[in-house]
Every structure is written in structure tokens, then in C-alpha cells.
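First the structure, then my questions, so here it is.
We call the chains A, B and C, going by the order they appear; numbering starts again at 1 in every chain.
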Amino acid sequence: MMKGSSRVTENIIKTLIWAAALSVLTVLVVIIAYILIRGLPVISWQFLTEIPRNMGRSGGISSTIVGTLMVTLVAIVIATPFGIGTAFYLAEYTRRDSMVTRVIRFSAESLAGIPSIVYGLFGFIFFVKYLGMGWSVLSGGLTLAIMILPTIIRTSEEAILAVPNLYREVSYSLGGTKWQTIVKTVLPSAIRGIANGVILSVGRCVAETAAVVLTAGSALRMTTSLTSPTRTMAVHFYILASEAISFENAYGTAALLIILIFLINVVANTLINRFIAKGR
Amino acid sequence: MKKFNEKLSGRVFFILALSSISMLALITVFIISRGVPLIANVGLKNFFGMTWAPSRGLFGITPMIIGSVSVTLGAAIIGIPIGLCCSIFLAEFAPVRMREIFRPAIQLLAGIPSVVYGFWGLLFVVPFIRNYLGGAGLSILAGSIILGIMILPTIISISEASILAIPKQYLYKEGALALGLTQLQTIRFVLLPAAKSGIVSAVILGIGRAIGETMAVIMVLGNSVALPTSVLDPVRTLTTNIGIEMGYAKDEHQQALFATGIVLFIIIMILNSTAQYLTRRKR
Amino acid sequence: MAGQHKISVRDMNVWFSDKQVIHSLNIDIPSNEIISVLGPANSGITTLLRSLNRLSDLNPAMRVEGEILLDGNNIRDVSVTELRRKVGMVFDVPTPLPISIFDNIAYGPRLSGTKNMKNLTGIVEQSLREAALWDDVKDRLYTPAMSLSGGQQQRLCIARVLALKPEVILLDRPCSGLDPLSTAKIEESLKNLKAQFTIIIAPHNVQQASRVSDHIAFMLMGHLVEHGTAEKILTNPKDQRTNDYLTGRFG
């Protein structure tokens, strides 16, 4: 393995590794540029504020923006307390290798791997049919809530475990109870990491299509209540594109989605970077 | 009040945790209870048969299983080597500046809605295949390329983490100092074996991601239920079968889609459990 | 008996998992004095201190047997939060919480229900003065405590304990990472505080013990070798091992 040709081989492999890395960046840039170049010119004040007309061929996408916000809001509001609560239970109330911890962690990681179409099937049969909620903001939001639960649990648990144990000891030594220690010391120290997970989950809700289309429906009119059906931006984009209704508006919607996801990532990263800087 | 909080809080956290994990059971029960009756009614022979024609009472999902396997295999062939190279690059070669660009880029790649990938594939990859390789363009190959890209974030982030988890000193001592290895030899003979279980679970989770993806491939696969004969043929996967027909399926037909969901669910649970087992054993 | 001693430890045995780390320890600690518990690393000193305010409860692998009496009452019989407010602790590294200076000091009083801002401000100022930190920080009470220097952080931790209005203060090698000037300041404030408190300190060396203590106890490998007035231990120890340690033969 140390022969004369090995230098050449070594250089070839190094080049290949660099090439692989650069090609991934290139693909990302190509996809984003492709969508933005065609989509950005479509986005205007009218596009954002008008209701879709003629199945989305003309008009804007305002009702789908509202739909996205409402479904996401329901999902976050429901999933956050359950996710954070589970994370606190795992991190503060159980031993790391206990049976309970293992069962919870196995379930959370399994939930994380379930495909979104299966979540869609479940949401359809459970919320839409079994509980009789119909295609609605609520059905869609609840389905997404279960889908993002594992993300919130994992990121929150990591943030909680990253809080130095000394902080807990200080709080106890100052006469704090467990509850006071959690609320006044652990939670404030972990809050940025937890928020990071929640914000990333917002991104997943905004981007999700398969699970939402089966549970929230695809109604185009402006949503007025939690029990009425709605169409999210991702679903709208899918329908516009797959049924070839309007590629122009599809590009516009996709561009807006990408901008949203980008902003969400920026916010999440800022939080986590400050979190790390503060911890040092 | 304080005592009350104290007693209550532990219980509240426990109840929250319990309800979170009971979702897995709920999902399992509801999907299975909706799908199993169909399999029982029409029999395993029909269900795992070669023909999917719900209007004629034929619910054979074998073409879809072949579709899922072939597209996933293609995605693995494209995604795994590139993903591994990227994680090695990030952990060992990348200049600091490059790393600072790369990590958020991978995160963005993971965040882009899958429908956007599908759309891009439809307008960019599919015509490319049609023009240069022949066929309709809507094909196993198109799906493999799109999925190959989509599983990159999963593979890169998990395998990079497992590479970075190896103590630097260990690499240095075992590789460069003790044996006089070059950087690449260190990577091949020391780093990769040490990170093996992490990398394997990254690959498994990436494959799980590919099998489970729906919206991206629905746009580029052509969705034909016929058996494919080459990578340029259209195909339908387990997921796209559900995605396409759920909108109008009724009664037995709908149950058959849930039964398709059961097969998907079982495959994913096996992959996940394997990945979890591997990472746990490492700890 | 109970009136004379602030703390009495009777037949104390401590196990960590199945390893015994303190062996049948008996000691009486007088009020309003500074007692140093001296000894090489791993002698069980930290364990002893942490048992006195039941911080040892936090470690499920640790088992404490025997009686510890505070003013004649078994510390197992009072509520643990009340005990910890009476027996405050300063750790071996400065441990400001990642909140403001003011909030750090007010942490304890707030836990026990002091909400009134005027009262809190009073407690914070008084505690900071007693810990000789007031002049350093009075203009920046609302800046993060992490921004203070190491020595200031440790005095902040002392002030934070003083704000509990405790009866006993435990200090576990409180100056181990600090420069001589900061160490001198902390020792100075400890001497001023002993009129009000009983202070138990694990000093980081013999010199510090000789500078601050009224009493000295010497521990070795989980055993209390001997204890007595500082003068007696330092000049005329009974036990050869104490002598060896004081003269630098080991540790």
C-alpha cells in the first residue's frame, strides 16, 4: 500500500472527495436558483394578499398562507408542551439506562422514522373519520403535531442534558425544590436549544404535503375556523404543479416556501449559535 | 401550593411522556385495524400478487414492492457514496470557512419541501433523461436521482457525527504516529472502521427516508403499475400508490391502501429498530 | 450538649455504590467559629460537607448512615429545603447561574417566597456588602454574573449563600482556582462573617487553614484522624499522620 503509484491514487481519491462535496453544494444552489429565478418575479403584493381564483390559475395564494399558518400553529401549540414535557421526564425524572427511558426513546425514535404518508393515513382514519373531525385545520394540525413530536423531544432533551449539573446543585443548595430547580434554572438555561427544535419543527410543518393533504384537505377558500378544511402552501404548490394548473403560480409558491424555510433555518441557527456562545 | 407543584410536576411530566409515546401504539393499531381485514378477505396470494386492479378486486402489491426496492436501491447507489464522501470531507478535509457554509447548506437541503424536489425533478431531471437517455423520462432513474439527493442530509449529518465522535488522539496515535499512515490510509484503516456502526445506521436511516418518501417521487416516477424492465421505465412505489389513490379510494380499495401502509410501516420499523440497535450497542 | 454545638455528627458511615468513603466519623462543630477540614484529595471531605446539607441525596449511588444533628435536631427530620437554607454551600468552582448578578443573589430568597422588590433589593445589597463585593458591582447589578472575574464570581457565590440568612456556611475548597489577592479577600470576609455564622471550610492548603481556622479537623482516607483547636493541631498534633501531612510528607 505504500508503492509509488499510491501518491497518485491518494490524490485522485482526495479530488473525488472534494468533487462530491462541491457537487452537493452545486445541486443545492441549482435547485434553489432554479426555483427562485422563476418564482421571485411572480411574488407581488397581490400574489400574497389575493385569494386564488380559477383553481389557482390566477389570483394570489393568501388563503393558502393563512391555511399554512393555522395548521402549523395548531401543530406547534399541541406538540410543544407534550414534547418538552416528555423531554423533561426523560432528562430529569428517569435514570439514563432505565427501562422507562428505553421504551420512551425507542418510541420517539420510531415515530421519527415513520413516513409522512403513513402519518397521513393515520390522521385520516383517526382524526378525520374515527373522531369525526373531517378534513379540517384541526385534523391537519393534530396529525402534524404527532409528526413533529419526536423532533421536539430529541432537541429539547439534548438542550436539557447540556445544562451543567452544577446549576442544578446550586439551585438545590439554595433551598430549591426539584420543580423550582427545573422552572428557574434548567428551563431558562435550555430554552434556546428547545426553541431551536420548535422552530425547526415549524419548518417541517410548512414543508409537509403528504400528511396534510389527507387530513386538512385541499379547499381553496379562506379558512374561517379550526373545523373547516384548508389548503396549505405546500399542498397548493403540489396541486398546481402535478395537475399542471399554473406553473407560473407554482414557481411563485415554491419560491415563497423556500424563502420561508431559509428564514426559519437562519432564526434557528442564530438561536443555537448564541446558545453555544453563552454556554462557554 | 409549593408542595402541590412538587407532587404534581413529576406526574404531569410522566403523563405527557406517556401520551407522547402512546401515539406510536395508536398509529400502529389504527393502521393495522384498517388494513388487515382486507388482507384477510382477499388472501395473501392476491395481496402479494402481480396485478393491482382494485376495480377488478385484484390488490397485488408486488409491482409496488419492486418499485420501492428499485428506486431505493438507485437512491442508495447515488446517495451513499456521495454522502459518505461529504461527511469525510466535513470531518477531515474541509477548511473552517467551507464547513461554516456547508453545515447550514445541508440543513437547508433537509428543509426544502419534498414537493419542491419533485417539481425540480419533473422540470429538470426528467427532460434531461428523456433527451439524452431515451424513454419517457419519468422513470426509476429520475426517482433515484431525486431521492439520492434527498437522503444526503440524513446520511451526512449522522455519519459525520459518528466520525467526529472518535477521539482525535486515537486517530493520531493509531494512524499517523504508530503506523506511519498517510491521511487517506488513516481514514480507511482507522477512521472508517471506528465509525462503522454510526455510518451503517446513517445508511439505514437514509434508506428508510428513501422508502418512505412520497411527494417527491410521485412527480417523477410515472406511477405505472406495470413491472419495469429497465431503469428508464416508469414505476410505482408503495408510498406513491397510497398518495395517488387515497384521494378517491372507497371501501375495499381504501382498505387496500391501508394494507399497503402496513407493509410500508413494517419495513420502516425493521429498518429503524436495526439502526437504533446499532447506535445503542455502540454506546 | 445540644446547646454547645452547632452540628454534631454521630457514627457517620458513607458508601458510594459498594465502596465505603467515610468510616464511623464523630465530630462536634462549635458555633460561630471557623473550622477547617483538612486532608489530601479523596479523603472524604467533600462527601462530609455534602452530607451536612443533604446534597448527597442527589446522588442515588450515595448512602449515608448515622446521625447528623443541627442544633440537636436530626437533619433527616426537617424538610430538606429548609435544611439547605440553614446550611448554605459554596462550591469548589465559582458557580454563578447564567442570569444577572442581582438575580443570582435573589435566587434563594425568591425560592422561599420573598417577592417584594424593596425587600429583595435590601437583601441583595446587604449580602453583597458582607461578601465585600458591593463596591465592585453596585453599578452593574443587572449585568450577567458570568461577566465577573473568577474571584468576584466566588464572592458572588458567598453573597448568594448569605442572602439565605443561613446558620452554617459550607465552603468546599472555595479558593482552589483563584489568585492570591482574591483568596485574601475571601479569607478576610470569612473572618468577618464568623461572628454571625458557623463556617466549615475545606481549605485548599495548610497555609489557608492556618490563616483562617479556629479549629482544624484532619481527615485521611475516610477517617477523621484528629481534631482540635487550630493552634494545637498546627503546633502539636497527636497523630504521626497529621504531622506528616502538615510537614508536607504526603498529599
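We take it that a contact is a pair of C-beta atoms (placed from the backbone, for glycine too) under 8 Å apart; a residue touches a chain by one contact, two chains touch by 3 or more.
The shown structure was predicted, so the numbers you read here are calculated from the model rather than taken from an experiment.
Engineer: Ignoring subunit A and leaving every other chain in place, which groups of chains are still linked through touching?
Structural biologist: Without subunit A, and with every other chain where it sits, the touching chains cluster as B | C.
Engineer: Most central chain by CA mean?
Structural biologist: The chain sitting closest to the overall C-alpha centre is A.
Engineer: Which pairing of chains accounts for the highest number of C-beta contacts?
Structural biologist: Maximum number of inter-chain contact pairs occurs for A-B.
Engineer: What whole-Å value do you get for the distance between subunit A and subunit C if each is reduced to the mean of its CA atoms?
Structural biologist: 48
Engineer: Report the inter-chain centroid distance for subunit A and subunit B in whole angstrom, where each centroid is the mean of the CA atoms.
Structural biologist: That pair's centroid distance is 17 Å.
Engineer: Calculate how many whole Å lie between the centre of subunit B and the centre of subunit C, each centre taken as the average of the chain's C-alpha atoms.
Structural biologist: Each chain reduced to its C-alpha mean, subunit B and subunit C end up 55 Å apart.
Engineer: Hey, what residues on subunit C touch two or more of the other chains?
Structural biologist: Expected reply: no residues.
Engineer: So which bits of subunit A are touching at least two other chains?
Structural biologist: Only 177, 180 qualify.
Engineer: If you look only at subunit A, which of its residues touch subunit C in the complex?
Structural biologist: Subunit A residues touching subunit C: 95, 166-177, 180, 184-185, 188-189, 278.
Engineer: With touch defined as at the start, can you tell me which subunit B residues reach subunit A in the complex?
Structural biologist: 2, 5-6, 9-10, 12-17, 19-21, 23-24, 26-27, 30-31, 34, 81-82, 85-86, 88-90, 93-94, 98, 101-102, 104-109, 111-120, 122-124, 149, 152, 156, 182, 184-185, 205, 208, 211-215, 218-219, 239, 242-243, 246-247, 257-258, 261, 264-265, 268-269, 271-273, 275-276
Engineer: Flag every residue of subunit C that touches subunit A in the complex, lowest number first.
Structural biologist: 53, 55, 58, 60, 81-82, 84-85, 88-89, 91, 93, 95, 97-99, 107-108, 110-112, 160-161, 164
Engineer: Applying the document's contact rule, which stretches of subunit A touch subunit B when the two form their complex?
Structural biologist: 1, 6, 10, 13-14, 16-18, 20-21, 23-25, 27-28, 30-32, 34-35, 81-83, 85-86, 88-90, 92-93, 103-104, 106-111, 113-122, 124-126, 130, 146, 149, 153, 177-180, 182, 200, 203-204, 206-210, 213-214, 234, 237-238, 241-242, 250, 254, 257-258, 261-262, 264-265, 269
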